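Alright, structures below, take your time with them.
Below are two complexes that have subunit A in common, paired first with subunit B and then with subunit C.
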Partner chain A sequence: MAISQRFLLFNALVAGPLREHPGRAALAIVAIALGVALGVAVHLVNAGAAGEFELAARRLAGEADLVVRGPRAGFDESLYPRIMRLPQVEAANPAVEAEVPLAGRDASLKIIGFDPLRAARVQPGLLPERTGLMSGLFDADAVLLSPAAAGWLGVGPGGRLDLQVGTGTVTVKVIGLLPEGAYRQRVGVMDIAAAQWRLARLGRLNRVDLRLKPGTDVEAFRRELQATLPPGVYAVTPETEAQRGASLSRAYRLNLDMLALIALFTGAFLVFSSQVLALLRRRTQFALLRVMGVTRGRLAVLLITEGAVIGVLGAALGVIAGYALAVYAVSLVGADLGAGYFRGVETSLRVDPQAFAVFFTLGVLFAALGAAAPAWEAAHRAPGRALHARDEEEGLGRLRTAWWGVAAVAAGMAVALLPAINGLPIAGYLAIALILLGVVLLMPRLAAFFLDRVPLPAPVPAAVAVAQLKATPRQTAIGAAAIVISFSLMVSMLIMVSSFRASLDTWLERMLPADLYLRTARTGETGFLTPEVQARIAATPGVARVEFLRSQNLLLQPDRPPVILLARPIEAAAADSRLPLDAPPLVPRPDEPPPVWISEVAGDLYGWRRGDRVRLPIGAAPRLYTVAGVWRDYARQSGAIVINRELYIKLTADRLANDAALWLVPGIGTTDAARALRDRTGADQNIEIATTREIRAASLRIFDRTFAVTYALEFAAVLIGLLGIGVSFSAQALARRREFGVLRHIGMSRREIGSMLGCGGALTAGLGVISGLVTGWGVSLILIHVVNRQSFRWSMELTMPWLPLAGLAALIIAAAAATAAWSGRAAMRDDVIRAVREDW
Partner chain B sequence: MPGYRLRFPQDEGSHPDFRVEWWYITGWLEEAGRPLGFQVTFFRARPELKHDNPSTFTPRQIMIAHAALSDPARGRLVHAQRAARAGFDLAGAEQERMRVWIDDWRLQRSGVSYQAQIAAPDFSFDLAFDITQPPIKQGQDGYSRKGPAPESAAYYYSIPHLKVNGTLTRGGMQRGVEGTAWMDHEWTSQYLEKDATGWDWIGINLDGGGALMAFRVRDKQGGPLWAGGALRQADGRLKVFSPEEVRFIPRREWKSARTGTNYPVSFLVRTGDREFAIEPLFDDQELDARASAGTIYWEGAVLALIGGRRAGQGYLELTGYWQRLEL
Partner chain C sequence: MLNVHDLCKSYGGARSRDVLRGVSLDVARGEYVAIVGESGVGKSTLLNLIAGLDTPDRGTIVLDGVELTALDDTARTLLRRSRMGFVFQAVHLLPHLTAAQNVALPLALNGTTPVAGARRVNEMLLAVGLAQAANAYPRELSGGEMQRIAIARALVHRPPLLLADEPTGNLDADSAAQVMRLMREQVKREGGAGILVTHSAAAAAGADRVLTLTADGLRPQAAQTNSDFRFA
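Showing the complex of A and B:
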């Protein structure tokens, strides 16, 4: 075939229809673009943040081969000379590391206190360029800032910085900046002696970075060293160190990526449904082409190309929009998309050609796949049959796949029972995809079943609409399926988020039984209440009872973020009055190890269950504890362990506290009590006092912010769903122009045809909404009990948001009716007489 | 204070109350019949701290060490440096006896000799320095003034003609080496005056057993601000020179391509009625110690000549040519 002939064919089959129905093509393009844009944006933002996190961890380790790291409380500094004397060690740099709250700001700054002299051989990149700064750093008040920190804080060399340590303020002097590019994140560098003293870490270290002698087998030495380290202290490679941050957000990232894929899937379905109807309408055209000698294969290829052209346009648009969206999202909610994983991480979004290519290809692929089945169908029709009218409904016969639908739904349910793969809820997502696919396949059967039971209404337009739908259940099914997909996704997200929010609210109520809470700092690690301040708080008039809580952390596995250790007053027999336990508390016998209560997350991460005995590195020597209960915890994503504070003090001699829960004498107002507490502790003290109500409100605010991205995706799903409805109705309306012509001939007014179409649209949407509601409920169960549990390890109770669901259902039915009526009007704008002539 | 009498061996140890102190061994080795300069230096510095920080890591004393080889075959120094705060027994300087160390680098007295062990990435050596002569107390009985202001001075003694033997490892090859060396030990709280930028110094083991030390402190214009020196004859007679009796006359400059610094690597040194020509073993003996001591200087093996004939060998030190020396 000559080039010009090829071009003509392409023009007739691909470009022509696109030009002919630009609106329909545009909708499909927008849908694909949305899916691609979401995918690209989520990927870019997270890759950027995770990349920065990794880079920061690597920069901090410098040229080190190994990092010995301990928990927040650190390890005894005597470990440093011991490691230093090992014959394999070439150089080592000890360090104190803490997130230090900034007095008067609701923010913290990471401060590294290391030995600049030792750093010359381990992390030379982290040293100031000017030698004078190096000796200036020996001053106990001196700090160097990274350029990012200086910019963020708005202080430069010569400026001062107020740090919060305990409840007091330590003022340090900014003596200079780290070299540009040495460390891109916010960090302050102090001398190790200064940091130990000023940050109240005397005698303790958090990490030692080691460079080994050339030729040392790093892994063999790491194992050898590990065996000699105190419990809870780990020797890890800088790679492990760098991955730790990324692993924390991995499940979150996957969830967002998956949501983007679902959007893409919806877009593909949109292409599919619009193509099915459009191709049916153009069947006679194809039959003619076949008669004229165009082969089946070429016809199919060209029709798929039409889908692919939509895909290319949509995907290209999506990549650009996705990049713009990423830039906007980062500036609006930060690099962690509001989820708090990369707090304070400065991200620079990089143009990532590989990711762009992947999402672009996905967009094109989905669009081409959406067109593939109808194209194949169209190409394989016998040309003679297709030239007859009223062939559309029969053409859909191949879509009669009810049994496949049942099989897909059943398979989905079975897959939902599988455990997480590599810590990720891949099976859960697969289950959702299978169930959605199954429901789509089941739709024609469901539509027939449903329509059989609808009585013919009295008004003529409605009666005609119902009769029409009854006669073409498969076409109805395709229109409804678009709604089912998008609406069920909306429903499931809505149910999950509302269940989560309600469970969080209940949980907050359980976790905050006191009247008033006092804490040293909202963020950071160096705030604490000394025993003396604790005594003053306890003796404040109006305070009936006070409980102090100490928060530390434990490293249980080197590649995981540390588990939070909470020491608070708690009795084994009455533990359920203090913690939201999932079973009655276990009371260990006196000869059994003492009790600890673990959060669900900790239980899932480390495979512990109620009644287990676990070895924990609390205090100088590790010892066994009985898991006396598992409690729900939405606050600490890396797991938490509660221990009785008395026992904790006995083991560690650590009498400091971070928070206090206060019960007031009846009749004392919270405002008066808060004022009395401030008077007692001193006005210069950095403490924050909040009522239970304020904390609850703040927590729910954080929750809503965290789910801001989910809401955005939900909005996108609604948008795609509505687009889908619009496309399928306008396609149907166009396909039925002949019919409208006939109806006009026999005396129906345009208005009556409009209301007939509206009725049909409402009925189709109603079918979709009912099926979507049921499907969405099923999907939400998978989201709550499988996906959420496996990614975040949080359990929650199902709460149905009936009112929003009803509102959404009504909105969709109304929107469907309106678009159907509108598309009918658009279809009738042409001369309907001409439309009748089409029926030859 | 000039009245203090040096005591040996106690004063070989550290004097932590003084701000800076150094133990400096320079010398010539024979490796497979070829000459090779070497130096090993330990510095102790006491930073002025504003706070009495209870942390064990508080940098009350900082130890810095340099080691370098001057190999004419290489044409430049092979150099290594370390710095660490004293503490945890990982680095420090002992009092009352000579023992200074940073990790596995050490210099210490053992019996009638000193021992130096240095292990750097490019070379390592393990040398013993047998003491063959008593110390020379420099300046006024060990009190060596460094400028017109009387408080600008250091306690200073030298031990010349140390007999060296030991092993030197380079490129994975260990060889036995022998040679002669010179040790300086100085401690002070105020070394250079405000007007001074650096100094030129020589320590020469004269053939036949004599020993010559001479230095001058330069002002900002490069002229002499102060000078000093002493010549001990082989028979033990000591002649201490007044500032007027010592003159350093530069003969030739060498410019470092790395740092752009000009060094007068060849001198005529006049002490009293004698005049020595000082010629470097080779020109590029510049030492970049920015990573530890924060400065760049020239420290190299030199020959001393009288009337064009060899009279001895030793070391020349040129500081403050890159930037003013901050101690």
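Showing the complex of A and C:
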């Protein structure tokens, strides 16, 4: 009997309604599925790429207990025997590491120079067991490739590889492959001496991997060793080494995860709005069941179950679709999803049951939560009133108060002022969620305020539509809230991306004042211009002035990626003419430390301010510098420091350069000048020459590619929002079938009822769009000044993309009007005349 | 004024059922006719066919010389808008319009100017005794008051034909009597015709003519009785 009763109730309250309106249920399922799919896909791709990144670093460290790590320029190799002689060290393996540009290709390959015999003790899994290959590696031109690199380059054993060093080309011979599975990423391994010679790193090392004697306290030894290391060189554990690379993309990955969660949240809200309206329509059924003795709790549980069933179906579909989407996305744009963080990283997506379970649970939970509030309200409605009165609007009486909404918005604004948590903009996202929640709660009040001021228009269908909305502001608010959520997110992302793009464009204009730019390679670390080549460039006919720039890096903290050091001609008094400073430049007195100019990112990361004195490991000994200004830099996410090149050369004796900015003699064309430069340098394939316009266009292309995934996720949120509009209007249209029947009896044509619904839909969407525009603007300020600043530490000016916003608003309103009219047609397709006789 | 000839209607599906078979009816201007019959015999179907809300399988319906069965849906809608008024058992006032706005709706649909419309709405509200409730919403009115507003809405545009489907089915005896008297008075005053479909012998008693709808068609009722077909 109990089973039968349970079955009957489940059938009446859960299965029946889902069967009765499969379209509405399907839309809600699709919305949840879309949100879960995006979450699963973004997580799988990001986790896969970051995991591979960390795995690669761990494989390189092998069985090492500590890694001594220096900057890109490396450290003096005399450090190695000093470390090796320490009593706690059992084995040590020195290494040279560099991203080497591939001659004639716009790509680079990581080359590691090991001592093969020592590496066998610290990294036994990395090198091949076949002795022939090990001894072959001592050849100065020999290189071993990982299977991934060989596949990517299309070169096998016996093949040759052209590497760019300086502006010249070094050809190496592939003598074999690393064992399958030893190292999954693209890498080439050479003998250390050969690498130092061929890659122009004589006397330098980048890392030393240490295996300590059993019983050594690793942390104590690390601290002891650190105290003896030169500035800019750190002793770190393999774990820190592994996490450092992936840490750069942490904020980016979190932002993508958040966008995916927003899509899921929008889906949950869609379930909420559709459930509210559907349960209102069925309130007399619930009242009858309550009269017949069904308890409040039982009724609420069954109605939440209806949402959970939608969640289970949507989440299951979403997990499958998410995995397929991840596979497709990786094959289409790579493991970095177009952002450049994991360029060249080989990812194999793995089925991750734990992630699947988490997102499946989230999908079900969000859908059940979406159904919980309306279920609670329906269960607590007095059955007597619900049976007899036309109390749809009264059923939403709890929405009358505005205090919760005001409190949520105020809390959101307060939370937005909190600093980053563990370097991530958690508070910023929480602030956005609170503000969206607050605006949704305020929507009934806003709807009433707005609709009170709308006059009744002359055309009858429009007048009936307006009168209906005026009389039901709370129901109107629920319909509009779905639009507010999706449109405000769309608006905020659009404003943020437009502001970023406009600021980047202005920045590029400021940073690229010359006519022509020359660089040794787009990627990699071993391309450079020797003083002789620099002299030839300066003496090229048609070149009026040239400035050379040297790019190096400084490791300031072992757990953070290195800061880029840019040595270029710059005078303290006129620094603002060369860099986009945020304040007039400081000119240090002669007795003060020399000036450096730090990027905003460096300032934020290391807590430096204008006027501070900072100790930097430039040259043989660290010394103090004055922070003479803070400048905006969109190019280097790990931070940048500009120093006068003359001072840099004096400190380091490094006269090499990476880039040259060229001002041409008036009347000389850029094409002629580029040809002359190629002739003079004699390194046609190893230098790249571009005009300012070309660099700007390429930079903006990269920007757009980086934001492609953002656009895709944003589009998904909008799609879910539009589904929400469809669900909301179709639920309302079904609830109003009897009214349509009456209007048809009175003499209103189907077309007029359609235009009445279209007008209502447009007005509801208009309310949503206006509220969404204001909310989106507010959210964009948080994205720009909090989330973006805390994630990437880039500041930008607010730019309102009015035209796209107006276009989007018109599109949403038109889509809403069309959806409403279509919903009405679908509702009138059945016997609308019979609907006037329906009691329910 | 209204000529219904040999009307047939069946509903399809696996269990096809003839609802109306060879129904004919003539209603003259100024005449108030009641149609009674058992549940499911097709009274409401007949009313829907006359209103042009549904189309017959066979037969003709002519209203003031216009054959409804030859018109498309839009033309039938326009004809219904201007020449018919409807009163339902469940009242069906639009919940989000005030009493005055509900009454004004047919006038607005027929293009009456707002000033003339307001005057006529006021006239009708006075006629049904609810001028004071002009700005009330339906939820604020009693059942009888709502039905009186529905009658005002049905007659406000002076339709030649009033169609009423069980208009007193949900009302108590006093309210029902008041509504029936009001409807008859208004039809007579405006010079139109009225067709009332009902179970109730008491409601039908006020009609000029009472017809019984059976499976074989419409037949004049031989003698008035006090029996209530609701329990037949």
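Throughout what follows, the second predicted complex is superposed on the first by the 833 of 840 C-alpha atoms of A that agree within 3 Å, B and C clash if a C-alpha of one lies under 4 Å from a C-alpha of the other, contacts with A are read in each partner's own complex, and residues count from 1 in each chain.
By our rule, a residue touches a chain if its C-beta (ideal position, glycine included) is under 8 Å from a C-beta of that chain, and two chains touch if they have at least 3 such contacts.
This one's a predicted model, so the numbers in the text were calculated from it and none came from an experiment.
*Asks:* On subunit A, do subunit B and subunit C fit together or clash when superposed?
*Replies:* By the criteria stated at the top, subunit C and subunit B fit after superposition, with no clash.
*Asks:* Which partner does A:80 reach: the first (subunit B), the second (subunit C), both, or neither?
*Replies:* Touch status of A:80: first partner only.
*Asks:* In the superposed arrangement, does A:138 touch subunit B (first), subunit C (second), both or neither?
*Replies:* first
*Asks:* Now for A:512: first (subunit B), second (subunit C), both, or neither, which partner does it touch?
*Replies:* A:512 contacts neither subunit B nor subunit C.
*Asks:* Determine, under the contact definition given at the top, whether A:197 touches first (subunit B), second (subunit C), both, or neither.
*Replies:* First partner only, subunit B.
*Asks:* When the two structures are overlaid on chain A, which partner does A:747 contact: first (subunit B), second (subunit C), both, or neither?
*Replies:* second
*Asks:* Using the superposition on chain A described above, determine whether A:117 touches subunit B (first), subunit C (second), both, or neither.
*Replies:* Only subunit B is touched by A:117; subunit C is not.
*Asks:* Who does A:738 touch here: subunit B (first), subunit C (second), both, or neither?
*Replies:* After superposition on chain A, A:738 lies in contact with subunit C alone.
*Asks:* Just to confirm the value: shortest Cα separation between subunit B and subunit C in the superposed three-chain model, in whole Å.
*Replies:* After superposing on chain A, subunit B and subunit C come no closer than 84 Å at C-alpha.
*Asks:* Spell out the residues on subunit B that touch subunit A in their complex, using ranges where they run on.
*Replies:* These residues of subunit B touch subunit A: 47, 49-51, 53-59, 62, 82-85, 88-90, 103, 121, 290-292, 294.
*Asks:* Looking at the complex, which residues from subunit A come into contact with subunit B?
*Replies:* My answer: residues 77-78, 80-81, 84-85, 94, 115, 117-118, 120-121, 124, 131-132, 134-135, 138-141, 191-194, 196-197, 202-203, 214.
*Asks:* Spell out the part of subunit C that touches subunit A in their complex, as residue ranges.
*Replies:* Contact set of subunit C toward subunit A: 44, 48, 51, 53-54, 73-74, 77-78, 80-82, 84, 86, 88-90, 92, 94-97, 101, 105-106, 108-110, 137-139, 153.
*Asks:* Could you list, by residue number, the parts of subunit A that touch subunit C in their complex?
*Replies:* Against subunit C, the touching part of subunit A is residues 389-390, 460, 463-464, 467-468, 470-472, 738-739, 741-752, 833, 836-837, 839.
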